[in-house]
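For reference, the structure discussed in these notes is given below.
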Amino acid sequence: METHILLISCADEKGLISKISTSIFAFNLNIIVMREFVDPETDSFFMRCELFGEPDKPALVADLKQKLPKQARITLNQKQKKNLVVLATKEYHCLSDLLTRFHFDEINANILAVISNHEFLKPYVEKFEVPFHFISHEGKSKETFENQLTEQVTSYSPDFMVLAKFMRILSPQFVSLFENKIINIHHSFLPAFVGANPYKQAFQRGVKLIGATAHFVNNNLDEGPIISQKVLNVDHTFAVKTMVQAGHEVERAVLVEALNLVLEDRVFVTGNKTIVFA
Amino acid sequence: METHILLISCADEKGLISKISTSIFAFNLNIIVMREFVDPETDSFFMRCELFGEPDKPALVADLKQKLPKQARITLNQKQKKNLVVLATKEYHCLSDLLTRFHFDEINANILAVISNHEFLKPYVEKFEVPFHFISHEGKSKETFENQLTEQVTSYSPDFMVLAKFMRILSPQFVSLFENKIINIHHSFLPAFVGANPYKQAFQRGVKLIGATAHFVNNNLDEGPIISQKVLNVDHTFAVKTMVQAGHEVERAVLVEALNLVLEDRVFVTGNKTIVFA
Amino acid sequence: METHILLISCADEKGLISKISTSIFAFNLNIIVMREFVDPETDSFFMRCELFGEPDKPALVADLKQKLPKQARITLNQKQKKNLVVLATKEYHCLSDLLTRFHFDEINANILAVISNHEFLKPYVEKFEVPFHFISHEGKSKETFENQLTEQVTSYSPDFMVLAKFMRILSPQFVSLFENKIINIHHSFLPAFVGANPYKQAFQRGVKLIGATAHFVNNNLDEGPIISQKVLNVDHTFAVKTMVQAGHEVERAVLVEALNLVLEDRVFVTGNKTIVFA
Amino acid sequence: METHILLISCADEKGLISKISTSIFAFNLNIIVMREFVDPETDSFFMRCELFGEPDKPALVADLKQKLPKQARITLNQKQKKNLVVLATKEYHCLSDLLTRFHFDEINANILAVISNHEFLKPYVEKFEVPFHFISHEGKSKETFENQLTEQVTSYSPDFMVLAKFMRILSPQFVSLFENKIINIHHSFLPAFVGANPYKQAFQRGVKLIGATAHFVNNNLDEGPIISQKVLNVDHTFAVKTMVQAGHEVERAVLVEALNLVLEDRVFVTGNKTIVFA
């Protein structure tokens, strides 16, 4: 017997939990944990269930579809590892954390490949027997570069793409191919210090906390739905360089936190926000 | 229409959520939020629901009682202010925080009275038009003292008693009268530094974090079910005295956090632990 | 014998610590604690010393002035309570915290008066036997309002003015009268969400942390030197209203932290930043 | 020109800072940063200075020795990488973090070798071209095992030995060979849950925070001077196993924090405590 994850989002109406849980019970499944939320702004209902048993998946989904409001989104999948492709540039600190966890089977994912626009990280990645693809952005148009990226990424059919400090801005065309499938770390406590050199901006402003934000990428740079944010204390003794170093710790931590949530299907995207059943 | 809180704990079995939510739906109530937990150690089920509508309370409870496992504990109450009696000695910092929040209606409770074994806090308490009762522990047996306490406390029929730095050890006899109804703050990160002078113990051990713990009181001093814990950083520059002062901040914060959870019926006690639907 | 605080800022040069500490030693004073910082951006030296003994203050300052670079700023004062005037509007949570600490002598300051543009907080303030002055902003020009404020504030000759949720924007003219003497709490993690309704902005952006910032006020609203910042976790269940309530806790905490630093002369302002010898 | 670290500890007396800084100035060195502390319990003085210039080291130390109280401990060394030997058993999470930082030159140390009483981590360690020594504890006396350890460790003459989850209890004989040179991570917020299975103890007690402690090892297990402590929130949904997993994050974080402090000579040991000039 396996654990399955049931995800539902639909318009809210009275009796939804009763309908859903009764359907689950009728299919002889046990609810291990159920979390739900009604968004009062959009009058929408969101639910995540972990189910134990041997579901007749098509029949259960069909039964739910019939009972729930029209246009309900229902997914039912076995709890299993997701497949990731990681994009990086030259910074190693987020990538190394993912590769190490993957190597020791501590993350609920397979890292299928690493793609970078520099060759610097190749020897490190190959220590972990993970394919490394070098796709330079130089001497070609952004469109060509992104077409090459798309081809390489799609060849792996990943569930999610992780930008582990990928320092190229992606076009709306590219992003739209992977809607809510690209996870980025912005090295600031968004929405403070959007754009380039956030640590330099933070230094110049004299803030006493710096942060990092893991978010889904959408068409507006640094403005996608936020999954997780963390901060750490800094003071007047921090130069830009030491802020960058300190920031690595919080970038690493926020990425793995966000990724663990996404990999366990705990994150719904609604509009420009997330609902996180932590 | 009002919000009600439904609390259920019972032996676990398949279909509980279906039975409960279907019963709620049949009574024409809307589930605002539902949280549940199955404790794998005891195979027990715990649920907290906020319901919107006009329930026929006795009928709903009877219906649930009939459908749920025997010895299920079911309570259904309107979401409303709880009544508190606060016991203090001489330290003001937790008491003042409660009185100020009560005064400005920021806490979901009525503070019916303050009882102290010293007169020091009387003028302060009376600023807030809250009755202050001085019951000295001096020149009398512990039994007499506790009988006088019991009489005074029970005259107010409070839902909970808060030990806001009440520096007398209560006997098992007294505690048993108010099972899971007494909330204490221990000024350490339990189970470190149980007993007297925890800040002195912390200083001597050279710890780098100090903490505070809000817990229900049971017969074993400092060993009741923990509701909430918080810590703060200290370093070698902290003397015992400055640890005590710094500790006030975290004691205050942990008490109000725990109390808000208890006042909103978010805390179940099971054995010597709590389940907190935060 | 008393403790004195010596504060020095000047251009950096080799041998400053030697000159200063030798001068202190020659005056037969004991250094309890010394902290210094050289700002590499401006090549400036900052020092805070706590001295124990009975200094001939004018002679020590004269001796230091002669030895240190020209235009060195030197202050030497007995460690003692500072005088505060608090400005508030209708929100009580920061003000009540200050008044309670003042009442129980837990803050290193005298609160000489509270000034508000509303009468709402009057009964509460007067419980603490602190003068309350109501100065309405209605039916008069900003200039007239600020002149009345200035008159009332200066009648108390405070060391610092605390804006404990004072919801009026002060003009550059007013601010310039009290340079680096006005401490404000902005209810966001600056520089995110400057301006009005930061919690609403935070809600709309779907952030996972909200914060508060204590800063000195300068001519550009919300852009003065930051003293202290704190954050707390929020999630999708927080409405604007619950964010505001949760924010009260962090606003209170950040104000008292910043104020304690300022009251102990631990904060230097340099340009638009602070140096904090915590 | 190089940066040097000057460390001094001695009996306290008036004028120490003047004497030391004047001596430094006479040797034409610039103080980049100076931190000092007087421990009121032992009347001892501790100082750490970063000095810039080209010191005549023996002459400066001799000059200081002559001016400071007898038995003053003075060290003056160029700021440079320390040498580490890491002991591990089977858990990878602390070791991998150290190796990755070493590989990318992010930690101020050389990892000379890894020694383990199991072979499990060998392939991983060798990816980083770091020598791996397998010394089994099985089938031999503790004395023999520790003699073999000692021989292997001392062959590298490391500055510090890091127990990165080394799950064997070391004898007082072994520890005394490396006084204040062995850094351990205990997987609890000491002094809570000393001894074996701290996460199981934490689970059974129902705590709401778990922690980790980095400390120097002395003769009493888990009782050496604490360098750093960190905690994270847990709740009723955490089983022992998930506490262990969550604990890995905080163990990793606390070790690297403590190690960075030690590697920059920021930690003095005095009695059973540390003074940390962070």
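Each chain carries a letter (A, B, C and D) given by its place in the written order, and its residues are counted from 1.
In this text, a contact is a pair of C-beta atoms (placed from the backbone, for glycine too) under 8 Å apart; a residue touches a chain by one contact, two chains touch by 3 or more.
None of the values given here were measured: they were computed from a predicted structure.
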| Option reproducing the contacts of A-D, where over half of them reappear, out of B-D, C-D or B-C | B-C
| Count the touching C-beta pairs: is A-C or A-B ahead? | A-C
| field | Where subunit A and subunit B are represented by their mean Cα positions, the distance between them in whole Å | value | 38
| request: Compute the distance, rounded to whole Å, between the mean C-alpha positions of subunit A and subunit C. | output: 41
| Residues of subunit A that touch two or more other chains: which are they? | 33, 37, 237
| message | Going by the contact rule set out above, which residues of subunit D touch subunit C in the complex? | response | 14-15, 17-18, 21-22, 24-25, 28, 30-38
| Mind pulling up the subunit B residues that touch subunit C in the complex? | 33, 92-93, 96-97, 100, 103-104, 106, 124, 127-128, 237, 245, 248-249, 253, 256
| Tell me, which parts of subunit D touch subunit B in their complex? | 37, 39-40, 189-193, 205-209, 211, 225-231, 235-237, 239, 272-276, 278
